[in-house]
Structure formats: structure tokens, C-alpha cells
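The structure follows.
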Amino acid sequence: MSILNRKDIKNRMCEKDYSKKLLITPLLSEDQIGPASVDVRLGSSLVVPKKTYIESQDVTESELVQQVERRRYDRIRLKYHTKFVLHPNTLILGVTYEYISLPFNTFCTVASRSSWGRLGLVVATASVVQPGFRGCLTLELVNLSESPIVLYPGLLVGQLVFYDVQAKGSEEITYDGRYDCPTEAGLPQFFVSRESKVLDREMAFWRKGYNYLQENTDKKELSNCIE
Amino acid sequence: MSILNRKDIKNRMCEKDYSKKLLITPLLSEDQIGPASVDVRLGSSLVVPKKTYIESQDVTESELVQQVERRRYDRIRLKYHTKFVLHPNTLILGVTYEYISLPFNTFCTVASRSSWGRLGLVVATASVVQPGFRGCLTLELVNLSESPIVLYPGLLVGQLVFYDVQAKGSEEITYDGRYDCPTEAGLPQFFVSRESKVLDREMAFWRKGYNYLQENTDKKELSNCIE
Amino acid sequence: MSILNRKDIKNRMCEKDYSKKLLITPLLSEDQIGPASVDVRLGSSLVVPKKTYIESQDVTESELVQQVERRRYDRIRLKYHTKFVLHPNTLILGVTYEYISLPFNTFCTVASRSSWGRLGLVVATASVVQPGFRGCLTLELVNLSESPIVLYPGLLVGQLVFYDVQAKGSEEITYDGRYDCPTEAGLPQFFVSRESKVLDREMAFWRKGYNYLQENTDKKELSNCIE
């Protein structure tokens, strides 16, 4: 077994041991479960980039990134039966209506449903979801066609495909991503911690030449070294 | 086993039990079978969106969708050795030259071959094919580069990767998709049935607030609700 | 097992039998190994398409392809801590900083890391890597957003996901791709051999109607047929 088929998916969703349970909720219709995938809906939370006078997005400059987030994005919450028109060559961030919890033996990818793909809608460009992830999935919605596409919250735009991961070794795995339990469309996060405004040490290094080895022993210096 | 290697692919293609047989035909050269993939050709059927005066593509409006299909797409059949120039930032729909039949223990994804990817050609944005699918695969061809790209029918533009799916539980799986046995580049299909012009009940619900539960017991009302 | 988790990845990296060893080097931080993926860095070699007066990219015309390569691409080597600004709707070719060697029981796909995907950066459109591949991976970097994105060599832009392939039958598999052991961002290669300027026989056939069967017995005629 590699890709989970309908029966495997249902089995993992019915698992009583929570650490092995695949959660996809609310699943409004059982028809959403296909032969080897689960269709997912567009949620009501959207993030829409604004035109700005900022020269470019340099994610290694923490000051700039803070500004960018205030100035560059509009956060929208759509009512049901309200349309959102996605214009050609435009990228917005959306979110799945469903909240997902992946056990450590399950990996997931996100793809467009074929009808939407043929219209020119891409629903995810970073389409990989790690075992242990919990939350609503942020979608990167792009219109590659030459016509505006109308979106409504609740439409089945995407599909999830689930892959089996060996349970062995799962005890040492914890999901250490930055996107823990989101329920809204998420902004990119290039900081270790948003509160402390400490930039990802990786970013800091490659931008400013910070001594990567030293920094493991002296965290304070890291935050000094940025700005 | 997860991804099928060359030997696995050949084994499934030689399977005598039709329900387990992987069909990819015509396979003009055995070289198309790679270490863990099968290269596929561009077929001669193309669907090219036209510029129109339609405001936007709202797939929940059945009247509009019918119009859109008449007005918005040109269906082209290319002769062999005839070129099609795909201009920058343009999306067209193509189809594989090969007819595929996936048994219930096999899942498939479609990707660009690397040379074409480097030119800027994307061959599939909805790149997932469900077990049980039969037909030629519709391709979403997009030119992401700044130069026009010349396509000829028969060129090996894409590759298929095959994944093992557990056979157990397959007896309850039937492919229930809307794209059964196509041999031409397919338009998006958001209707349950093209003849009856009944919109997908999902679409209808999220657009017009139709009572989803009720509709399962009263199909007539559904079509009324779309007017 | 289908997707390799952190433990599986480490096990294959520690394999002593070289034919089964997964090599990813240099891996500057163990943090790059996630629950079921490995983050990879942008290398310093870039290929940037230039605007030209060439009408279109017809990969079946060998003369033109040779010209195109001389005129159409700038090859850049970025110093560390030097920025490269990727403008909206622009495609460049990059390369991973890491050199990869995939054993015959391992298949790999390349995806954007989620933060970069949300900014609008696609890192790979031809995202499949065959078992047996050795080299740095060429990345297709596309900015789908409306703001310029700043890149630095060394930034963790992509992630690799590894899939198990049955070892059985591996003895008959050899990687026969055209991209053997590259360490720089690679141009598309549509020729069997660059020196001899012999076009891929597939290409030649579909363009010019060359007799595919004959050509297997008479290689000379192939090159004549392309003129």
C-alpha cells in the first residue's frame, strides 16, 4: 500500500487511537471521498496581496517583512454565497473549509480538481503536507487563464491525496513546522517567533553571513545581527 | 513498493486479468518506459480559449456555462507535423496521444518532462489521475516563459508516475468521475449530466443556498432551483 | 512504507552499500530533515533567459536550438550574500546547493517550501526525479505574485519528498537520462548528443516524418534528415 484508497481513508478516519486517526472535518458529504482522494472546499478566509510601493519582498530583512505584512495584504472573510472574482495572473491565499489532522503514518498532497484545473485555476503551489500537521490548509490560488474566475466559499476546488508513511520511527517525529493549527489563510512565516521578531537563523545567515555555528550557543547575538 | 519501477510497470501492462491490467496504448517505443515513469506524447486534439466579452467564468450559473462553452473555446485538431505556437502566459487544453486504463490498484500523476519544464512548459496543473480512470488524459498546457514555444502532436512532453494502491477494498471502488473514456481534450465539466443541464448539486448549493439534505429526496426541485 | 519518514531518510543516508545509499551533500544542518522531507537550498548557479528577436522556440530545429542557447540565456554565478531579484511572471533556472544521489529503490519529487509558495514562488514545474539520478537538481523558479521576490544563494527554498521503489527489478534499471551528474543549473537538452548535434530521434520523427523503424538501423540518415 502506498496511496490510500477509499477504504483505507475511511479506516484511518474511524481509527480510535487518536495518534493514528486521520481527521477531516466537517466532511459535508461522503461523496467527497473519491477512489483515492478526498475533495476539499474553499473556506471563507482569504488573503489578498495589495499593490504597494515596496521595491521587493526580501524575506531576510525583518523590518521590511513586518511592514510588508501590514501594508501588503488585505485579509477578507467571505460570507457564504458571496462571490470573489479571481482575475487572470493573480495569486491570492485561501484556506480549506475542512480542518485536517494527519497522523504520523500519513503524508498528504494537495491538487486542483480537474474541472477547476481546466479552467486555469491552480489551488496549491506548495502542495506538500507533513505527517503530524493539524489545521486548515492554506491554499495558493492562482488564475493562469485569460478570463476572471468566480469563487464562492464552499466550492469543492481541491483534492487531497494521502500516502502511507511507515509507522516505525514515528515516536521520534514531531511536527515542528511553523503553521500549527491554523484555521485561516496564513501569511508566509519566515520568523522563528513572531513575537520576538527573531528571524529564521537560516535566513539571517545567508543574508548577513552570521556565524551559523556560533549562533547555536548564543541566541541573543542572532537577533542583534539582523537589522 | 510504492512507486512502480520499470519492471513493475511492465508487469502490470502484461497482466492477463483485465481488472488488474495497466493499459497505455499505443506505446510507440519501449524507450518511453523510464526507471520509474512512462513518457507520454501530445495528442492532436486541442482546446483553445477565445477572448470573449463575457465578464467572468461563474461555473455555478448554468446558463452562462452553456454560453461559455459555445463562445469561449475553439476545438482544434492538429495534423501531424503541423506546429502549434503556445504564446507566453497562455493556457490551452491538450490531450495525451496514449489511451490509459488504470486498474484499481494503480494511481497516477502527470508531470512535465524535465527538458520541457526548463523551457517553461507546464503540462498539467490538475495532475492527479484516480484508480479506475480510462481515457486519454486532458493536459493543461501553460507557457510560463517569455518566449513562444512550438508544439507538434506526437512530441513527448509529459511523463506519468504510477503509485501502488492496496488491492484490498478495491471491490467497492468504482470510478465515478465525470471524465469517462475521453479521447479528446476535455472541457471542464461542472454538470452532473450535460443533457439534462442539471448543475452539480454541490455547486448549486453553495451558490444559491439550496437545501442540500432536501435535495437528495427531491431531485426535481434541484433543477428548478437553478432555473 | 511509501513515503520515507525522517528515520527512513536517515537510514538510507547511512547505508554502507553505495548502490542503496541516499546521498544529499552538503547537508549544513540536520534541521533540514523534516518529518517526511528534506529542505534544500538554492545554489549559486542561475540561468536567466534573455529577450531575443527569435520568433519562437522550436526544439525540433537543431540549427535554431544551437543559436537559441548562445543568444537566449545568460549564465550567472551568484556570490553568497548577493541578491537576485526575481520579477513577477518571470522564469529562471536555478540549481540545488546540495548534490543528490538517488539509489534505485528511491524516487523523489521537488516542491516549494510553504512560506515561499505563499509568497508566490514556484521552485519546480518538472518536479519528478528518477531513481538512479545523480547531480544537483535544476530548479524552475517562477514568480507568480505581483511583487518582485529577492533570492539569495543558500536560502532554503525547496523540499524533497522521497518515495520507496521496490528494489526487485532494480538490476535492470540504469538511469539513462540526459542530465547525468550536473552541478550547475541546466539548459533543456533535446539532443541525443550535444557534440554530434544529433537531434532526439523522437523529435526528428514528429517534426519531419522520419521513418522511425528505419532509423534504428541507419543512424546516419537520421542526422541527414534534420539537415
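In order of appearance the chains are A, B and C, and numbering begins at 1 in each one.
In this section, contacts are C-beta pairs under 8 Å (C-beta built on N, C-alpha and C of every residue); 3 or more make two chains touch, one makes a residue touch a chain.
Here the structure is a predicted model, which means the values were calculated and not measured.
Enquirer: Can you tell me, using the touch rule above, whether these chains form a line, ring, star, complete graph or other shape?
Expert: Basically all the chains touch each other, so complete.
Enquirer: Could you say what rotation angle superposes chain A on its sequence twin chain C, using C-alpha positions and rounding to the nearest 5°?
Expert: 120
Enquirer: Per the centroid of Cα atoms for each chain, what is the distance between chain B and chain C, given in Å?
Expert: 25
Enquirer: For chain A, what residues touch not just one other chain but two or more?
Expert: Counting only residues that touch two or more other chains, chain A contributes 1-3, 89, 163-164.
Enquirer: In the complex, go through chain C and note every residue touching chain B.
Expert: 1-3, 49, 51-52, 54-60, 72, 89-91, 93, 104, 107, 124-128, 130-132, 138, 140, 142, 163-166, 168-170, 172-179, 186-190, 202-203, 205-209, 212
Enquirer: Provide the residue numbers of chain B that touch chain C in the complex, in ascending order.
Expert: The contact residues of chain B facing chain C are 1-8, 28-29, 34-37, 41, 80-81, 83, 85, 89, 111-122, 144-150, 152-156, 159, 161, 163-164.
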